[in-house]
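In order of appearance the chains are A, B, C and D, and numbering begins at 1 in each one.
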Amino acid sequence: MNPFQENETFRMETFSDGVFAIDITLLTFQLKAPEHPDGEYSSLLLLHALAEQWPAYIAFLLSFATIFIIWVNHHRMYNVIHRSDSRFMFYNGAHLLLVSSIPFTTSLMANYINTEAMAVASFFYMMLFAGICGTLLLMWRHATKDYLLLKRPAADVRVILVRTGLLISISAYTIAALISFLVPYVSLVIGLALVIYLSRLKYHRERVV
Amino acid sequence: MNPFQENETFRMETFSDGVFAIDITLLTFQLKAPEHPDGEYSSLLLLHALAEQWPAYIAFLLSFATIFIIWVNHHRMYNVIHRSDSRFMFYNGAHLLLVSSIPFTTSLMANYINTEAMAVASFFYMMLFAGICGTLLLMWRHATKDYLLLKRPAADVRVILVRTGLLISISAYTIAALISFLVPYVSLVIGLALVIYLSRLKYHRERVV
Amino acid sequence: MNPFQENETFRMETFSDGVFAIDITLLTFQLKAPEHPDGEYSSLLLLHALAEQWPAYIAFLLSFATIFIIWVNHHRMYNVIHRSDSRFMFYNGAHLLLVSSIPFTTSLMANYINTEAMAVASFFYMMLFAGICGTLLLMWRHATKDYLLLKRPAADVRVILVRTGLLISISAYTIAALISFLVPYVSLVIGLALVIYLSRLKYHRERVV
Amino acid sequence: MNPFQENETFRMETFSDGVFAIDITLLTFQLKAPEHPDGEYSSLLLLHALAEQWPAYIAFLLSFATIFIIWVNHHRMYNVIHRSDSRFMFYNGAHLLLVSSIPFTTSLMANYINTEAMAVASFFYMMLFAGICGTLLLMWRHATKDYLLLKRPAADVRVILVRTGLLISISAYTIAALISFLVPYVSLVIGLALVIYLSRLKYHRERVV
């Protein structure tokens, strides 16, 4: 083996894992211990203050689940990929740019979920996920073109199925974004359904990890 | 070896390590340099202000020790595990979700430790650790079922002992959570005892690292 | 192989990847959900508030692209490097010191981009990138001196081309810094052009990843 | 090779690298873009405001250099270590606990460097570094006892020299801490000297990386 070729995708995976791990951990920072007006401490008041933060919990849980599922897909994609090239690296960079914007749209969501402005917050939240699936699709199309970057033997890699799955996800997230202006809570349900859908996307006939 | 099988658990470990490392490092952000009212600087005043932050130090130390011990257990579990599957990956995701919530319950604890609302803060703090041990147990039960995901030879892997140890930890953390409503400081002592208990859990007859 | 020599550059790469990943992810923290004065929530107001944050988006995007491209160059350099020594490690440390200062100059930029003080903010912003390319040049000169730290065979490593490319980048960033005092927005355009230039720097005749 | 023994120190190094990388990157958060009172923007005012933050820059630079040098020593130590055990892992945990407290003492330093309370801030700052060298010494003593955890052949590992070097560092940091109460700026100079001293500590006769 050429010494310049070892571990070709290794550092890109490490770097991406770093970005994913930081992103998913920093979501917690949406969750703040409620302030206590001096002199007013009681368990009931604290419980009440915690309960009032429910929008932040919903935004946190949905974002955590979605980031994790995107990481799982990123991981599964790299599992069948053998080498990299310049274009693939830049698609991966665009992917990370969008992924690292999730905490921003999550905090928009947490701040505006129960207000009249929820439609706008939810629109950007869902469009960002559509864009993230879009960059995954760009990566996948490039990696599978002429089986260019795939591990051998590539016969069991499910090229078409994953392409279709990502296209469906992009469409569904876009629909969820548009529905935000009509019935915003329905778009959250679509977001949740997509977490489950994306968790089941198989990149290889036998290997699903 | 099948090229699709190499490093099967590698990226999940890297990703988890990232989440653990960020979480444990961000705990420090509970610790803030005391403000100094303008014109009033003296070493005595600073010492006094630092001493007043004792609840934050306790919460920081206990959380640091607990996260580290959970990481050690996570590490030891993966030490005897050879491969992964979809379900194991999602149990690991649930585990990370709870782990990444520790800074939130820690800041609750630090803010309310010396108030009437400590009971509630302590309850959530301990229940979260119970849940974390619960996800470790789910991972372990799945990995050891029919020795499915274990490294070979698996004869020296202490399947039952670890299962019992995690069950004991879950129960003890739950008891600590409930005791919070009676004598909250006792629940902290139980938490400390569990750090020591969990540090001694052996996943393999010979290997303890 | 000497057991003391394995993975010689491995941990330095891991550590650097960590710093890069954290830096690029924390940029998002410049982006804050707009505050909403109580009682005044509407989608239009939120859109308006989001649009007013355009300086932060520009600073975020340019910094993200630049950090990513610097990481790509760091990655490509290590791709042709076989071993390390003390001096190389300290050059790498100086490199990371400057890289980890990017969020500071980015927040300067985001805060002052549309004010009279933009010249100063832009000057430091561009000089930092000049310094970062300078540390890359120090690393490269040391690694390629007598082909000291290069992988073998080193015939296809483009020693002179990379040296020239980094010198050009340093000069261009310095010019961009000076131009800040005359027409600050032109320096941003130079910064963007350099992202593209640096993305095309080839460290090896055949390998470009 | 026993499958349970591969990569024995690997995850501990990854985890430690994560903590070091986060810590060193988060130091930048001491550096804040100066606020601009509305209507008052000029390059001169910004330069002035930036210059007034000099204590933060000093604290940032000294802490960055020290964390980096401690990481270098941690890296060099693991370079000659072959395996791990429970005690070594817990010493490493104590080491990381202290390392992750550096941002706290650094912010103390940055806030109080030019006040009467600098003595106390500097005392804790230096004692923390003494403690960090202390945990490195604990790790080294345990690893080299009967050459227990060292790579083979261990003849060229400089057991005594490193032990002495760490003892000298602990003493010097303690002296720097005590001198804080007399002439605080001298303790900063000692801190700087120790960065250089620790950067030159050789763990192996031939290998210095």
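We take it that a residue touches a chain if its C-beta (ideal position, glycine included) is under 8 Å from a C-beta of that chain, and two chains touch if they have at least 3 such contacts.
Predicted model, so just to flag it, every value in this text is computed and none were measured.
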Review point. Does the subunit A and subunit B pair touch with the same residues on each side or with different residues, judged by whether over half of the numbers are shared?
Key: different
Revision key, fill the gap. Cα superposition of subunit C onto its copy subunit D, rotation angle rounded to the nearest 5 degrees, comes out at 90
Check your understanding: Based on CA centres, what chain would you say lies at the far end from subunit B?
Key -> C
Study note, to complete from the structure: Between the Cα centroids of subunit B and subunit D the separation in whole angstrom comes to 25
Practice item. Provide the C-alpha centroid distance between subunit A and subunit D, rounded to the nearest whole angstrom. Key: 35
Practice item. Could you list which residues of subunit D touch at least two other chains? Key: 14, 17-18, 21-22, 26
**Study point:** Complex contact set, residues of subunit B against subunit A
**Key:** 3-5, 8, 11-12, 14-15, 17-19, 21-23, 26, 83-86, 89-90, 93, 96-97, 100-101, 103-104, 107-108, 110-112, 115-117, 119-121, 124
**Study point:** Touch list for subunit B against partner subunit D, complex
**Key:** 13-14, 17-18, 20-22, 24-29, 31-33, 36, 41-43, 45-47, 50, 61, 64, 68, 71-72, 75, 78-80, 82, 151-152, 199, 204, 206-209
